[in-house]
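In structure tokens below, several structures.
Shared between the two complexes below is chain A, which pairs with chain B and chain C, respectively.
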Partner chain A sequence: MPATAAAEAPPSAPEKLAARLSSGEAGESLLTALREIKNQIIGNRTKKLVYLRLHAVPRIVALLSAPSSPPPVIVQAAAAVGSFACGVEEGVRAVLDAGAVPHLTMLLSHPDAKVIDSAARTLRIIFQSKMAPKYDFLLEENKAFLLSLLNSTNENITEFAASIIAHSCEKPTEQTSLCDAGVMQKLVYLLGGSTNQRDTCLDAISAIVRTNSDAAAKFISIGNGKAFNSLMGLIQDRYPRTRLLACVCLITVERAFPVYFQEMQIKSKLIVILLDLIEEAGRVGDDAPFVLKGLIEESEELHRQALSVTAAERLCGYMRKGKAVLEARRLEGILLVLGELSSKLEQSRAKLIELQVPTLVIDLLKHDCAQVRTAACCVIKNISRSLKNLCAGRFGTESTVMPLVQLLCDSSTSVQTSALDAICNVAVNLTTKKSVLLQCGGVSTLSQLARSMHSEVRLKSVRALRNLMFLLDRKDKDFIFTELTASTLTTLISDPDPLVQEQALALAGNFVDGCGDSTKYIFSEDISILNAVSRQLKSAGSPGMCIQGMSFLANIAAENDLHKDAVMDCILPVSPDLNISTPNSFLVNFLQSKERLLRLSSLWCLVNLVYPNHKNSLRVSALHSAGIISQLKTMVNDPCLDCKVDPFPLKEFTLRS
Partner chain B sequence: MSTRKMIIRDEWERKLKEVKIRKEDMNRLIMNFLVTEGYVDAADKFRLESGTQPDIDLATITDRMAVKMAVQSGNVQDAIEKINDLNPEILDTNPELYFHLQQQKLIELIRMGKIEEALEFAQEELAPRGEENPGFLEEIEKTVALLAFEDVKNSPYGELLDMSQRVKTASEVNAAILTSQSHEKDPKLPSLLKMLIWAQNRLDEKAIYPRINDLSTAKLEEPAV
Partner chain C sequence: MPVRVVETSSPSHSSGQDLSSAQPSPPSCSLLCAGRSFCGTQNVSSLQKDEAWKVNVRIQGCDIEHGFLCGTMEALNVPLADTPVVTFWEGEIVDAKNHTFFTGKWEATPEDDIRHWSKFPSFTPLLSQIEEDGGKSLDLSNYPYIFMRWKEQYFVNVGADCGLTIAGFYYVCFSCTDGSISGFYYDPNSSPFQKLELKCMNEKPGGFSFSSYELV
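Right after this comes the complex of A and B.
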């Protein structure tokens, strides 16, 4: 028979309790009210918000410094303030606005040990928030105060000191100043304390060594490598949180002082530990994949290493097992690791395909959380960055393309842009089958997005259309062009963003490639497109833009005389008054450019202009008088083989002149 | 015919004797068990008799046990207040534990037949937890469902009223307090015994030897040939 609970008094209403704080009550009654408020708000977000609206925080903070407050009242008040600052942003703000930090700091030298304890604990909680004030370590008195805190025997105080460092130490001067003051040794010593203290100290050490090679070297040298060895021990600690923080700290040291980590061994160990941590419950497991992604970022060697310790298998297995129940943040993290793994090595992509990651990831494109959708797009983008898989038509299928196209209308811009990235890759159709993108409304959505206010969205949609346009048959090219319209393309060529200009010109180049009668579109609307191209080339913007512009002109110049003359007008505009060509055509500059591709595309344009009847004296003499022919002569010994040998008609062409 | 190696009792005992285990380590293992499980009087006696120092202030055990007892006897609000006095961070940083305590409080109200109060509490206190964390919704539904039955004990979720539910909540509280004190939440002894069983099972594949079958006496059984 279970024991019966004693009758408990019903809790008082927040309004009444809050009123009792300011009605000048003292003694037992005040203490009871404070205690009850504290017990109502701890763990209870809703109640915290209720008391915040009742402006209870400033009244409680005032009790911290009131000369009449006896220690038990201060202890309860400090605990309540700490709870307000825990987990609720509005609460932290209220506590800071009420000026709690200086009051609490004063209390650290209170005669009552319980007061010190609760003040230190509350300060530590406050400094765990990003909103806490930054501490100026360069002030001597602050530094001395910090050192006195670190020397305390009270763990709440030392933890507070470490939290200040973890929160505030950012600039190299601050890092150096703390190192010089012996703070690092102190923190290393404190690593030997309780779990909580150790965790905070690991955070603080990471803050001091972050991107600072001197500080990292100092850490490594402490006690002839003893500190480093104890850190190596902590990455295998019993407590998952300690393991994670130790991994972060070690990675930070490695980033700051890479020479010390030439061997793969440590990094390989870190990968294995982080993979294990992903299976831990709570925040540790949620944060672990992000740390792992940071570790292997941009390193083919570490990607290979991760593959060799079956990272792909483990991550997939874990995701498959827990897809329905996994926290969104953890799912996002795992996807980001998979995306990172497949960003460089074909071997990784093959592995992920073998593990059927694409099927898993496509499901997640419909996940409720925007960050998960973004990360899923990133995986598809990176796995599909593979010529082999594109040739096999693996990603052009309806099941991949349709959900991606749907994401183009997502309410989150980051989802939109990452879906565009993925579409850019899957749009490259190297199979004989017709691209799904042409059939599912994708072209019309991409054309709309090409008119977006966001330059990133414009850029990526134009790039996707450019890739889609590549090697299409005439009918489909015309379809895309009609959806996009000549006027939009003209606007895009003159876009304020040079990257958009480049992609728009490349899109135009792909459109007129192997063109037949496609150029009729280019000559529509008073040759506005050609005018725009000519204007951009004259302004000599980015080399990328010029290369694409010249390729576009080269493609047009491959057609009949009418086209060739139009291109001539582009490169040698006729001055209306004097009826002579402007002497220094941009083409001369292009032919002298350091950019090999720019010289090459310019040459091709010239070749196409004079081919097949290079004896057509009109065009040749115009080029001659513009100084282009003499420029060509200097290129007989061009360092680039393509520019020198190819195209063969140049030889005759230059000899004749 | 078995290819396993045969080890007779004498040889086995001789081998066991060759393994030196420090008395202090054994004592610390026992102290760890007493402290973690909260046997404060026994821990104090053991400290006096063996000279083994506990790795935690014994006074904190008394506090922890008081909290545990409060939950086990159904005084949940009392337990919550005691936890907050001990360390106000525990319930602020363990939403799941806080929820389970609130849930237990509702269960106790239902047990006492305070239906109106229970309904009010469910609405005012438990419902917001479900909003803050949808993962709790299912458990809230189960608990509130108790209100729908005349004969609560024999209802589908009647097990929530069992003592075992209180014990479950109490041990969750115990573990959280230990963790906040940077102490392991489980004693080492049971995991050592688990390792013993695992090691014996592995060894069974390779050898026949005097096994320990009864862990409470640790008697070496004659190998069955």
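Right after this comes the complex of A and C.
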């Protein structure tokens, strides 16, 4: 039976359609080809990529400016370009590379209204991408052009103008320039338009006030608070996306001008709205937890507020209900909020533990998505800051530690470092039970990672080992040391990263503390560790490194005379030429340091050097000669009580000397 | 340290402390830090007999900023127990910011508080200010003593049915000068003013050594 309806014909092959774009076809045939391409690629990433490979975009863009293109062709070409630029990075790149933006901008003054609409819509889509070019608002002609767009009665054009602002306005000078030009008032006026226009204007207002207190104050003052009130109204708009964008805008204003937000009521309302939005479908629900996390970030007060509106219960409810079906991004966002909530308050941690969050989160350490695994590690890290639960051994269990150790070999560095952070906390064993980390190969893996090329991985591995070493019995300390080796520890003490040096010295300090003979390891391999410490202290690197270095020496000096003499050699090295101690010991500088803890650790080292028999003439004479005793005498007026209140025999020793 | 059960304790009251006025933190002291051990005795004498238990304390965590510390307490020669009894305790540091001298819970009235704090000679210079404004304006950051309350939370190595109670709490005074600790146990149902006396321990032969951890 012959076909009667053209609409039922099968779609043409992309190759044929693409070829028709440059075969000199014109009129209806070209229009049909363009329309068919546009229809094929709308919402179809695969098809977009096919046409990109066929180099269709430059040919379509060329039609935008071809003198022979009639308005219907331009309209279809602009729409097709907009579709290519929507949601596919390669598409945006191709559109930009083909020079579409200037052509489309020219079309905004085209006599045909449909062409203008189509061009404006496409430009708006392009400027929603991060790859779009930045617009220089400081050029007067650009600013004048932007204002002309904002003054347009065409909503597609005003939306485009707001998109430009949302995308490009970043610097304080740009924000101020736009404010001075009256852009803020215009955007506030446009909030009364269509949903799309309103949403884009909310984005633009957020961009202008971000971290700019003057701009935020200006926004608040518009219409004697009317702008602010309309924003307050929009956080309860019927459209979820508008509610979300209004929340973002309000939070941005609050961050820039916190004085206006002293009352907790608004923030509490925002928390509740954002919690509701997490239940919304699509991007709104996916983005909402990230906005909520940003709102409560670093604020104990807002953490309390979130708890009071049952945020923990609701977030756990979402996770429990939809763990298997939730989009990875939403799951990640929810985990980040839970992580934030548990980052400061013990009360929050107790609530999350009561809700059995750790059990839920441990399952997610095996999630397919790396971002979810990273966020799950973050929750465990923050919940395990609870000293009470560390003492109860809640986090040192096999079910928590083993999956974390497995993540140390994750292909994603971000997961690996987050797992290291979590292990760092759960490694603190305040119970009498043996740490699982010592039994599951964790020490070996951490020791290997301490040799990583990646300084962040080295830092976190060494910190985890340091925490694991805390108050361990001698046998287990020796086990860790043997796995790590003296040469690795020496290398880490001399690491190029000062933070690694600091952690390595703290690890060494923990190793030599406590009962039993640890010093046989420290004094092995030609006292390489001691030499490395001495070298670092002489170089007077970061205060943190010097503090840990002096604490390490204080611990060594707490042993017998042999060890005290070795520490003396470190702090008062003998000049090879004169065979006398050099008078300019770094210790004098440390005792004068502005860093309280450096003065304190240096003091403890001295206490141990003269303890218990402060009449040991050799060490005392050497300290005298180096000017250390006279420096000590000046410390009776130290502003730090802990340095001033001399703990043991030091004051007596100082005054007698 | 646990004491013998006399009768079932009442539930504690909620905290009624006024924390609104911000004050400097108490002095940090290097001898009051995680890992530090103390040993001594708790006098549990009653009218019937003199008795003292050996006690070891280990500080497990210290958060000066939030006026919090915690640790374990081991009682060595408890008559009713076969093994040393270990409890986990949490401490409040009196800093006029996070915690005041007034307990406001654990069945301790302001009168009980003053009566117990007054047992420490180092408290005497502070008394008039506390009577005037509750101690809100006190700056304890340069005071060479740190006042605390230690409240045992659970038994670590024995069951709650071990015949001992941890219903009470300690009023504690730590000396920054020598690291010594004095304390008085308060439980309306136990012998009053059981005195805790601890000295800072030195595990190494030639001085004091330190361990540390860092939570991220």
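The rule is simple: the second predicted complex is superposed on the first by the 634 of 657 C-alpha atoms of A that agree within 3 Å, B and C clash if a C-alpha of one lies under 4 Å from a C-alpha of the other, contacts with A are read in each partner's own complex, and residues count from 1 in each chain.
Convention: a residue touches a chain if its C-beta (ideal position, glycine included) is under 8 Å from a C-beta of that chain, and two chains touch if they have at least 3 such contacts.
Please read all numbers here as calculations on a predicted model, not as lab measurements.
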I want to verify the contact counts: of chain B and chain C, which reaches more residues of chain A?
C
Examine A:121 and indicate which partner it touches, taking first as chain B and second as chain C; both and neither are also allowed.
first
Just chain B (first), just chain C (second), both, or neither: which does A:83 touch?
first
For A:485, is the partner it touches chain B (first), chain C (second), both, or none of the two (neither)?
neither
Which superposed partner A:494 touches (first chain B, second chain C, both, neither):
neither
Kindly classify A:397 by the partners it touches after superposition: chain B alone (first), chain C alone (second), both, or neither?
neither
By the touch definition at the top of the document, which applies to A:412: first (chain B), second (chain C), both, or neither?
neither
Within their complex, state which residues of chain B touch chain A.
72-78, 80-81, 84, 87-89, 91-95, 98, 108, 111-112, 117, 125, 128, 131-132, 161, 163, 166, 180-182, 184
Inside the complex, what are the residues of chain C that reach chain A?
27-31, 34-35, 60-61, 63, 68, 70, 72, 86, 88, 90, 141-144, 153-154, 156-157, 176-179, 202-216
Can you check the complex and tell me which residues of chain A touch chain B?
2-6, 8, 10, 35, 38-39, 42-46, 79, 82-83, 86-87, 118, 121, 125, 194-197, 238
Residue numbers on chain A that touch chain C, as the complex places them
346, 381, 384-385, 387-388, 390-392, 421, 424-425, 428, 430-432, 463, 466-467, 469-471, 503, 506, 509-510, 512-515, 551, 554-555, 557-561, 563-564, 600, 604, 607-609, 611-612, 641-642, 645, 647-648
